[in-house]
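Got a structure here, written out as structure tokens. Questions coming.
As written, the chains take the letters A, B and C, and residue 1 is the first residue of each chain.
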């Protein structure tokens, strides 16, 4: 059965991925990242990046507007909490459906153009959504303050079964609160599921068609394929992933703000995908983890910590180093991010996965000559 | 009614001029180098911060404490002495007053250097790489530029005063023989419009009437052939990138009195300018200029209260809406050639 | 339509680019099962004609009819689905994919149509199409290269693979745009052999070719195009003796 359902390698990859994800609280603890808050974000942005890669990595269409779907997912989930129930499942379902519809409309329009025009169109739509969320749509989005849960939300389904809450309402799963590790495992389940589907899509004939759109769209058309519905499907699927991720963020932190839809957020998911490796399965997830990890570490650093770090240097030198490095941490973390982005695109467009491949190849190559040199003295 | 419409038209001109100038540079770079430059907005922003820096230097002061006198609060009197005025006298005072236009002189060489360094250092290596990678690397550069500015100048906008003599408003209505004081227009906006018109005309004349411009135009049409003629196209393209940077920088300098610059000014304008380029037609210089003014004016009309009453929020999205419609109805833009950058 | 055997009819086609009359008054009938060559000096409009047939360019006037269906105005993928495949002058292949996948993709188009959302099936379970593709590669003598990345093939092999990509769809009409351009003499001869082999399968072919050696060893019929017009039409022998043709070639652009 595994041969037709999933090849041995795919199955191993999936199992390995699952184990790595589920064991994250253990193996990330030594790195100071083994706490639920950060782990949840690892899962959420992992899903976002995996989905983005289905569009960008497979079809080559570079969207600069995926944060819009992320934001729509968040808003929908929060509204589901407010109006229907605090249970997470309906919120997730609605978020995925609404973001899919949203992606269908935007994708249908944007995919009428390709290349750079497509990127600009998606950017335009995302900025439009962001501007609207901040201005006229305030009744839906609550503008700058952001949409949040309150005690007097109607929650008709909860009310119908007579469920009441004391204190600040938080999302639940079948009555269990989704905070801490429960929240992490909830998100992890979705990441594993998301990864599984991405794997299936990549290994399917449909996935091959997406790759061939990236490779040669003209040939696709002259081969008898209508490329647009393929690209649109990929767009909608990745929009659904974004919506799912946005909803999960709302589950773990039920406050949706418009800044989640800004172009910087779209740029971030592009960076995650590039950093990890465009078109690879695990690359985008790794990219997302690395960025969220360093964001967490670097943005928490301040001058005092830096001063302690550089204290082994002579005073003047230490001060100088503190001043210089402080530009790259804390609020300046985005500078590091931007530099990283530029460096990766210039030197390693294939991302970390490409780097790993190169190193592996170099090791293999250096392995053989080494064996030869060992034999030479014997002669 | 006519006056209201005319006034909105005028109000759109200065923003339109800024869009046109940025879009012009974007198009130059795209047309000559075939590079989609997401860092172009950052160049506009850098120009604006050149003005900020120049003013910072011009207004540097020495503070000496005169122990013989007391301030009204009873503490020793601090005597502030503006350095430039101390050295240059009245001319120094004029310089401080006119810091914004004066900054242009300094901005031009700086932006030229920035542009050339950028092209030689990074962009050059991306000519043959996919457009997606060009977008990504310039996008990264834009982030770096804005974060550097943020860490130097802080996150808040830094207002730049315009010269005192140019603060008033021009009574355009009276000038055109209409009733006085109905259509008045801030003088600086008028200056900005005239300034951009001059720059745009200069760029066009440069491309039209110089040998250099002719080669560049030929290169825009057919790079390989021109290369075969033994002309070093690459060097000229480097200069074009520098020129585009200078245009963006100057546009940024002159805009500072209208909108206090902050670090994300560049991105705000970039997204809009891209839309402008697309509406005008990728690779068409006249298209970029025309679409810049058109969209600026449209935006001005959309922000009228009467219009907003009918379609709420229209001022926030009008430009994007126009772009979407144009791209779907007339994909090559208003004045664009067919098939540019399709794949 | 006089001849019921005519499968492709280019009827009264004109194509103008601005002031340039690229194709004028083209009337061309290709009979079922035949190999029809279109020759002519550089700039005669051969590629334009092929692009009009395949739907890449719209004619200014006139139309192209394939087996009763009007091709003019249809999208390239619709034209392909009617049973027309094309080999390009510069190979249009999926350079990042393996040779085997390159040949499998067109087979999917043939089996599943213009769009199928088969995203949960595994590619590995498509044994039928895989075998078909392997057979096809064997036919063109490339089976040993099936796992190579297409980009790393030699130019001649890219051509042959592209041909395999077309043949796997069992098209009713195959359009070949200079199939041996830039090939070595050896590769050219292998390609000729290959094309002769398919000929025995009764596939209709339209070939645009520069190389007279190729044309005369393959064509049943030849149309000569010069300055956008057909100046001669007939069997290879008829065309060879036609003084107009000699003039066009000798007094042409060369």
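Throughout what follows, a contact is a pair of C-beta atoms (placed from the backbone, for glycine too) under 8 Å apart; a residue touches a chain by one contact, two chains touch by 3 or more.
Chain by chain, the UniProt names read as follows: B = Branched-chain amino acid ABC transporter permease; C = ABC transporter ATP-binding protein.
Fair warning: this is a prediction, and the values are worked out from it, not measured in the lab.
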Any chain that touches chain C and chain A
none
Judged by C-alpha centres, the chain sitting nearest the middle of the protein is A
Chain centres computed over CA atoms; the one at greatest distance from chain A is chain C
Between chain A and chain C, what's the gap in Å when you average each chain's C-alpha atoms?
45
Chain centres from averaged Cα atoms put chain A and chain B apart, in whole Å, by 34
How many Å are there between the centre of chain B and the centre of chain C, using C-alpha atoms for each centre?
52
Among all residues of chain A, those touching at least two other chains are 218
Report the residues of chain A in contact with chain C in the complex, numbered from low to high.
3-7, 200-201, 203-209, 211-212, 214-216, 218-227, 229-230, 233
Please name which positions on chain B make contact with chain A in the complex.
36, 122, 125, 129, 131-133, 135-137, 139-144, 147-148, 150-151, 267, 271, 274-275, 278, 282, 312-313, 316-317, 320-321, 323-324, 327-328, 331, 341-343
Please name which positions on chain C make contact with chain A in the complex.
54, 75-77, 80-81, 85-86, 88, 92-97, 101, 104-106, 108-110, 112-126, 165, 169
Sort out for me which residues of chain A touch chain B in the complex.
56, 60, 62, 109, 112-117, 119-121, 123-125, 127-128, 131-132, 134-137, 217-218, 263, 267, 270, 274, 327, 331-332, 334-335, 337-339, 341-342, 345-346, 349
